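Listed after this line are the structures, all set down as structure tokens.
Here come two complexes built around subunit A, the first alongside subunit B, the second alongside subunit C.
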Partner chain A sequence: MSDFITSVKDNNSIVIIETNGYLNNVGGEAVSAVVYEKMTQGHKKFLINMAATKIVNSIGVSILIEIIEKLQEVDGKIGYYNLAPIVAKTFTIMGLTKYSSVFESEEAAVNGL
Partner chain B sequence: MASELHINDLQLKYLELETLLDITNELNSFDQIPVLLHEILVKSCAVLNASSGLIFIEDDNSDVLHIGAEFNIDISILKGFILNKQKGFLSEINESRQARSYEIEQNSFLSKTLCKYALIAPLLEKKNLVGIVVLFDKESRKGISPFHEADANMLSAIASQASVAYNNIKLLENIKEAKTFNDNVMQSIATGVFTTNLMGEINHINSAATTIINLEKNHVLGNHYEYIFESNETITQLITKCQLKSVTLSESQVLIECNGKLTTVNISVSPLMNDSNEPIGSVIAMEDLSNIVKLKSTFKKYVSKQIVDQLLENDDMLNLGGQELEATILFSDIRGFTSMSETMSPKEVVETLNEYFDLMIEIIFKYNGTLDKIIGDALMVIYGAPNATEQDTENAVLTAIEMQEKLIQFNQDRIINLKQPIKIGIGINRGKVISGNIGSKQQMNFTVIGDSVNLASRLCSVAESDEIIVSDAVWKMVKHVKSYKSKKLNPVHVKGKVKPIEIKGILYNRPDFQYELAYKKIEHFLLENLPKNYPYHSIEHIRDVVKQTERIAKKEKVEKSVFQDIKLAAWLHDVGYIWEPARHEVRGAEYATSILTEMKFPKSKISLITGMIMATKIPQSPKNHLEQILCDADLDYLGRDDYALNSNNLLQELELTKKLKAKDWLQIQEKFLRAHSYFTPTSQKLRNKIKQQTLLNIQQQLKNI
Partner chain C sequence: MKKPTVELKLPILPNMELVATQTAEVISRHMNLTEDQGAEISMALIEACINAFEHSKAENNVFINFLIEDDSLVIKVIDQGIGFDKTKVQIPKIENKIGKDERKRGWGLQLIQELMDSVEFESTGEGTTVTMKKNLKH
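Take a look at the complex of A and B:
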């Protein structure tokens, strides 16, 4: 596990990934590595807790889009919660929120995904 | 579907613009440089897809830059490296002041970061480089790449905004620092300072000012000066005038009262101007003079106000070291005070001495004498030390004369109150003395010593009561003054001198008897001592007799030379009631003889006054015109409308010893009125008619019984 991923856990067949730091190329690759591995195990639903990620760049967003594309192929879903305002804004501008969901909390995310 | 999911250039531009807008909006909300730099760096990295970044910022006192913010990079690798803005890539940035993209060269400073590419933008203050923003390795899905020209433009835009915000924070910090500095300076100075704005509201005050005006800072700030200084018109007027005319004004030794505290201050009020020389308020400085006032007050117990002021203004005058100089020394002491004090209570002794010294010391200071010491009932005064003038000896003689003259008036009160008068003898000498601070380490006093001082003391011992004796040296210095008269006295032998000393007695005129003062003192004496249980022979009766005496005497055209004497007799005519009501005329005459003799009244006048007092004894027996006037004044009420009131008071007084029946009292009155006749034409003309009517009324009442 990279420094960017601080925890990966299952919750009612949803994989919850906690991140820490800059969601850039490195961070995005770390997330995609976890997601793709879990997909091979049959997981289709993923949530990312971004409480400790205060900044994101477009490369990080691109990687998330790539993940979304992969998940769409297997009817999977990905969502995010605990987003910093600037991160939420970037996700909106980059069009990420059209194809994935943003939640206020883990509970809302687990129930809403 | 896949195409929809791609991030297009439009979205990236939108993100760049939004980021720039965010930075612009947020920058002014930062008030700490580290926070500002971190936010700029993080957002720059994010929007330009940099993998990491650093901001270097200049040290205040050198050309060296230090790391102000880092993002996603381990800065320990840069530890120990110095980045000088005059060297290497920084000198290029410093010259061009443009953002530039670099491929990091091996062995360069930035190669320690292990990054390949850098985008560097300057942070500027006006045209000076104050820092740089460095972004490393532009990210892409294919790996890292160099930054583009568009990236450089974007970072330039961000850096420009950041520079403005950085400079604003620096400016704010400088202002705060300057304010703290000013505050510290203001708080540390002893002068009280406060400022007002154009509205007159106090917007700054230092701790010295809060102490002076005895108010907490919080109670002062924001309040109008008129409110804070409502009881101190001088201050409010100065500030108002300063604000109206934009001139500096000052006032010395102003006694201000703030919150119950009195303080003497020197005040200066100046207009407060901005850079454009426009008034923005006033600055008021107050110098607390309390300590100086205390010092003066203490000093003035020993020397005159004039000398204190001269000494405070001119340090050179004050020579407290031992030195030989010419000085005039005056000694005085009370004759027979020891035996006098044996008849007095300790409280009376202290009160008497304090009253006496108060009077004498006032005279000493009037003539710039320095009170050297009080020894029991004696005074030692120096003229010519610590500062000398040409008038020193004359001042000493004037002091002595006025001391004797004032003592006569002082004694008038004591004599009227049957207290023994105070008599003093005074001796004055002039000669060489040693002056300086003499004493032990524990107690040291400024004084003068020497033969001349001893001689002055001996002359004082030789002087009789009321006498002023001066040495030949003194007389030689004052004899040119025509108003001084002397009498030759036999040379005296004093201890320590082989040859007899030539001396002179200074003559002075006994001041005229102060009649008005005497009236007041006698009235006070009567008020204090007349029996309170006599309704008729009270202070009101005496005041009435004095008033009628004045009136009748004027009408009877009494000569001016005796007018005051007849009034004096009026005040004294019933004073004997204090000791022996039945023989009050005799006791009153005795009292008058005693006090007037003591006051050196001519015997003829004393006889005149005692004659008038005795003439009031019933049946009245005046032997001259003055006695007739006083007799008529004494029974003036017999022919007045207030007869009933007075006769009723008399009845009550008589009944203190014997109860009278109504008829008896009517008979007494009828007999008295029938026998009485006014002596002076003035009273006959004015009072006979009513007196006759009163008699008829009483006779009618007797018939009706």
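Take a look at the complex of A and C:
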């Protein structure tokens, strides 16, 4: 597993990916590798806990857009929680919030996705 | 009296933009900028550096000047690359990217403009200077 991903777990058939550090191209590709592998196993719902990711760049976030696109093909969903304010603002500017969901906590995310 | 200035010279290596953000964090604290303002400056700086590193085709270093003004922080990101024509840069929209062949990247200028109070681009065939300004608000 990449250093960027600290854990992957299932909660109520939702795959929860916990990240750590800078979401750049390397981090984005680490997330997409996990998501695409889980999709081959039939998973369609994903959450990313970004509590330990305080900084991102647009290349890493663009990879999340690619993931959203892949999930749309199988009627899947992705959401995020524990976002730093600047990460939430970046997601809003780039429009991710139109196609995926931001939650305050894991409980809210698991119930709301 | 001359205004305080911090100057960085960054080699084009992976994640060197984080050197710039660490400097920006120190300056933001020195200027008593809010936490949100500091984070917005760092994000804009990351995008400006990535553009300079990746898109300018610059082979030399990228220079970053932080100018500490009484009422604002001015940051200049300077590369010696091939330049670009801003009028040919389209404003990205996610609607045009999801489910389409359009590349998913290309958000840097949009993010810089949204996160800073003013942005100016000067570009020729010999390089680009991006001048970004964040006004103080306490």
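Basically, the second predicted complex is superposed on the first by the 113 of 113 C-alpha atoms of A that agree within 3 Å, B and C clash if a C-alpha of one lies under 4 Å from a C-alpha of the other, contacts with A are read in each partner's own complex, and residues count from 1 in each chain.
One rule holds in what follows: a residue touches a chain if its C-beta (ideal position, glycine included) is under 8 Å from a C-beta of that chain, and two chains touch if they have at least 3 such contacts.
If you're wondering where the values come from, they're calculated on a predicted model, not measured in any experiment.
Applying the stated clash criterion after superposition on subunit A shows that subunit B and subunit C collide.
After overlaying the two complexes on the shared chain, residue contacts for A:N24 are found with subunit B and with subunit C alike. After overlaying the two complexes on the shared chain, residue contacts for A:I55 are found with subunit B and with subunit C alike. In the superposition on chain A, no contact is made by A:V102 with either subunit B or subunit C. Applying the stated contact rule after C-alpha superposition, one finds that A:A84 touches subunit C and leaves subunit B untouched. When both complexes are overlaid on chain A, the residue A:E69 reaches subunit B and subunit C alike. After overlaying the two complexes on the shared chain, residue contacts for A:I5 are found with neither subunit B nor subunit C.
Of the stretches 80-88, 134-142, 170-178 or 530-538 listed for subunit B, only 134-142 runs into subunit C once the two complexes are overlaid on chain A. On subunit A, the surface touched by subunit B in one complex and the surface touched by subunit C in the other have residues 22, 24, 55-59, 61-63, 65, 68-69, 72, 86, 89-90, 93-95, 99 in common. Interface residues of subunit A, counted against subunit C in their complex, comprise 22, 24, 55-59, 61-63, 65-66, 68-69, 72, 84-86, 89-90, 93-96, 98-99. Across the complex, subunit A is touched by residues 1-2, 5-7, 11-12, 14-15, 18, 22, 42-43, 45-51, 71-72, 139-141 of subunit B.
Within the complex formed with subunit A, the subunit C residues making contact are 15, 17-18, 21, 36, 39-40, 42-43, 46-47, 50, 92-95, 97-99, 104-105, 107-108, 110-111, 114-115.
Within the complex formed with subunit B, the residues of subunit A that make contact are 21-22, 24-26, 54-59, 61-63, 65, 68-69, 72, 86, 89-90, 93-95, 99.
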